[in-house]
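Should a chain be cited, it is by its letter among A, B and C, assigned in written order, with residues numbered from 1 in that chain.
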Amino acid sequence: MNDIILTADSILKKFPGVIALNRVSFDIRAGEVHALMGENGAGKSTLMKVLSGIYNPDEGAIHHRGKKVIIKTPKEARELGILLVHQELSLSPELSAAENIYLGDWPTNRFGIVNKRKMNAAAKIALDELGCNFGPEVLVRNLSIAKQQMVEIARTLVFNANVVIFDEPTGTLTTTEKDQLFEVVRSLRKKGVAIVYISHKMDEIFEIADRITVLRDGEVQCTVNTSESTIGEITNRMIGRDLDQYFHRAKAEFGAELLSVNQLTIRGLFKDVSFSVRAGEVVGLYGLIGAGRSEVAETLFGVRQKDSGEIIFDQQKVSFSSPKQAIEKGLALVPEDRKSQGLILGMGGRHNMTLPHLSLYSNVGVPRVDKELQVFEDYKTKLEIKTTGPEQLLSDLSGGNQQKLVLAKWLCAHPKLIILDEPTRGVDVGSKSAIHQYIATLAEQGLAVIVISSEMPEVIGVSHRILTMAEGRLVGEYTGKEMTEENLIAAVSGLTAA
Amino acid sequence: MSNSVGVKKDRAAKMMTSMQSSSLSILRIIREQHIWVFLFICMLVFSLASPYFFTLNNIGNVLTQGSFIGLLAVGMTLVMLNGEIDLSVGATLALSSALAIGLQDSIGIWPAILVALLSGALFGFINGALVALSGIHSFIVTLGSLMGIRGIVFIFTGEEALMTSDYSYTEYPEIYLGPVSLTAMIFFGLALFFQWILSKTKHGLETYAVGDNEKSAHEAGIRVRRHKVINFTLCGLLAGVAGVLLSMRLGTAEPNAARIWELWTIIAVVLGGTRLTGGYGSMWKTVGGVITLAALLNGLRLLNTPNYIELIVMGTVLVLALILDKTLTSSQSR
Amino acid sequence: MALLKKASETAQKHGLLGGFAIFLAVVSFSSPEFLTPGNILDVIRQVSITGMIAIGVTFVVITGRLDLSVGSMLTLLTVLVVDQHNQVGPAIAIAYTLFASLLIGIVNGYLIGFMRLNSLIVTLAMLSLLQGATLFYSGGSNVNVTNPQETWFRFFGRSEFIDIPVPVWIFFFAALVGSFVLLKTNFGRWVFSIGGNETASLFSGVQTRWVVLMAYVISGFGTGLAAIIMGSRVMGAQSTIGQGYELTVLSGIILGGTSMLGGSGTIWRTVIGVTMLGFVQNGLLLLGFAYYVQWLVTWAVIILAVWIDLAAKRGRVFV
């Protein structure tokens, strides 16, 4: 039995309006990979931020090597040997790899002069140990995401970390890169480092983790040895009910072809993408982040302009130079990042909901407030949006309600085709289910639906047909019984078996 | 946090295209060092247009003339690398100038100079402290100090230009190494010094880190607020140096001195290639921008072009530099 | 946190006004002519010019951008209207001036809205360009209207209607129209949404590029109107006549409580801010302070006003 290096005891962390961590207790041992699983919003990231000093807990204690510690800043965590490899990489692109590895802690002499030779040498050792093929003086902005990740991991070597926390590390990696990462994780484990591995990817967890702790709604559901558990059981603990009950697929009754895309290309983003969607059909688009799916969606919607290729919507060749044109033709896009792309958080629900189609509610350029309120109430009821009223600032709403509002915004003008990009990211379980149900309803009403998702269970559960994308190309199409997790994984990694 | 996905993907896209283009190294050099191309073209054009341009004497003039804006630009570069801006540099220069001359008779020349320098540092410090403590954007803070410090200048000088009573004061900077005056040497020396700081010291690395990604700089343990205050103070101090040198050169200090100079300063820095958004740039680039600007103005004057041409050319050049910068960066990240 | 927010709202509403009221009392005690109708009308007449410009700039600020070119725009346009008045008569001069103001607005709006260049730098560059243009046009000399007493042009700056100066009427109506457009039209919604979240607005089908362009056109137009009033009032123009107006305008907007980050604000806030600033400047003059003391006071007031606003929004005094 390995030593316990770090324990979290009864951690309580609150944010305005929500309890992120509700008396969470958790421990990790030297030389183990302890996975932390849970849905978006379950509290995984928050817990890790508490352990690495980015957040301070409201109540509860942390013990490191048996001693109680108070970690107020990331620097203090680093001094204890606790390092976090961030989900959104925390690097300075204009500085070199070595300068980033030693960020904030550069080796200096008395006068503040950085000892570059020493720094580069030490950095090189760490990078070599990780099997990197680039040197310490390369500027980080010239490195791929996977290599940047290695730079962050090199930090843990250089600072002799005894606890390394990986926060969703494989989101943007190809399969080969993921394998390389796992090699690194295994070698860290062999050295006796305690590793916390946060991910929602079941297959990876079962491949690499020794123990699994499941969080749901800020509380620990269970902590088990991987060898003694199954994917089914873990999923159950994560979502609180069985997978089948969770997703809804619309009846497969399809109408005319509404969208036809041919050889769509934007240099550097995606190439020769061709597919079609019929009315009443739900087409899923699966792939890893960076595969180019959102970019395709943005091109269809007029946010980006294609370099070549053809888009035919409703039997007409179209080339939208702005979202406004796409909206007028009957397209809708629920974007990936609702906070920065989907909603104006500083405004109320009424304003947000009517924004895309203001002319429907106005006379001669002046909005009719009564009409707006009508629409607001309609959809508030239809989608069960929990809000105090049409003027409540959206920043006060929960993720799930915000997402419902984004949906309402598009539905109230009855689009013909709707693209949903990661529609349930950061949404609580209840709202998630409601949104899936609604997607099915929309398809049954005759809309053409495209659902972009990186969650395999979701995309399999709601789609009639799944397209897979990897590194900018469409690599597979699956219907009916072909829509399995194995096929999808194989499809997105097939192209990159280098 | 909400920007995470967008940022991650933008960076991913940046990586893809920037890796492809790094192989075209000539293009990359031009992209990153375009100011030297400008400078070359500028010198070429004016050398052909006027026989007086490319003389040792005139080059020396160009360097001296550019040194004042140059010193302001060095300070401005530090602040801009942090992602901030200082609009009050002109007013600070004027104040320092006024103090250096105005206090001469009461406390002596060198003490007056010392006070002038300290005043620059003081107001730089106030700017930085306000930005760091209040969270008000540096644009608003320094817009305010632009007005306030100018007010102080007027109060001190009483709306009159101050004149030095000691004629030898104006001869202090009249030391030459060939065509290069002491003023220019001070400018280059300080530019060199701060470039060294940027590339070799902890403070320099911090400057880039804070401007590049303030959040991760903070998480890495860098004391961002303290750091910014230091840079603003340095910026003010450099404006103070410029003020003292200007007062020596002119022998007078006018309350309206350096009225639009923050504009020229920003032009020089942006022209040189340092980005307003922070994290990218260098003193070399700024020096290039300053010399190009000075050469441009000097050339125009040599050709006897009327005053308004300068203003129009400056405005146009700035806009073109912006467009260039935008084209270069957006071709890197889609 | 809620307490601090309430305190700030109160401070903003009453504190600033309260401080202002105290200031008014102090000044009128020392200089009784301060609050006489004559002086008040004088101040408001002067404020009208700044205010006209500020109304236009408010649109730009709410989209989260800046317009620093208004001062030199004012100079150029005033010179233009006065000079052209002597050459082609008031009517055509006014037409030229308004047309020029729209043109400048379009250039600004195109560079900033369509080419997405930084508004601070672009409008600074425009400031330089317009100064050059003014010098080019006027040759550095002053221009004067040749027949200030007879021309109907004097209506804008020197006449009164029901005892209230015409500039004030124009300002008032501009504020009404501006407020209506901002708060009650689709366009106004778009201005706010762009300031609130430009990406989301784009994704929601707002024609962000055009709205920003229009905001700068409005800013230019407001300055054009101000130039006409100014030219009419002064019946002449020198090449420094508009100097510093961009600072006063921005100070007034900031004082009024409109956030420089964009997404919120109203025309009436700007009106109040500019008016208060005008009275403060006038009051300081009457108290015997030189005109440049205003600058110091403005500095302090702006910092305080914005700080209090930010402190309330985030719930604590320091960052």
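In the analysis below, a contact is a pair of C-beta atoms (placed from the backbone, for glycine too) under 8 Å apart; a residue touches a chain by one contact, two chains touch by 3 or more.
What you see is a predicted model; the values in this text were computed from it and never measured.
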Chain contact graph, described as a line, ring, star, complete graph or other shape: complete
Centroid-based (C-alpha) most distant chain relative to chain A: C
Please work out the Cα centroid separation of chain A and chain C, and write it as a whole number of Å. 45
CA centroid of chain B to CA centroid of chain C, Å: 29
Whole-Å separation of chain centres (CA-atom averages), chain A against chain B: 42
Touching at least 2 other chains, the residues of chain A are 340-341
Which of the residues in chain B come into contact with chain C in the complex? 85, 130, 132-137, 139-141, 143-148, 150-152, 154-155, 159, 225, 260, 263, 266-267, 270, 276, 306-316, 318-319, 322-323, 326
Residue ranges of chain C in contact with chain B within the complex: 66, 111, 115-118, 120-122, 124-136, 140, 247, 250-251, 254, 260-261, 290, 292-296, 298-300, 302-303, 306-307, 310-311, 314, 318-319
Of all residues in chain B, which touch chain A in the complex? 1-9, 11-20, 22, 200-206, 208-209, 212-213, 215-217, 219-222, 279-280, 334
Within the complex, which stretch of chain A touches chain B? 54, 73-75, 78, 86-95, 99, 103-106, 108, 111-114, 116, 141-145, 171-172, 266, 268-269, 289-290, 294, 304, 336-341
Enumerate the contact residues on chain C facing chain A in the complex. 184-187, 189-190, 192-193, 196-197, 199-207, 263-264
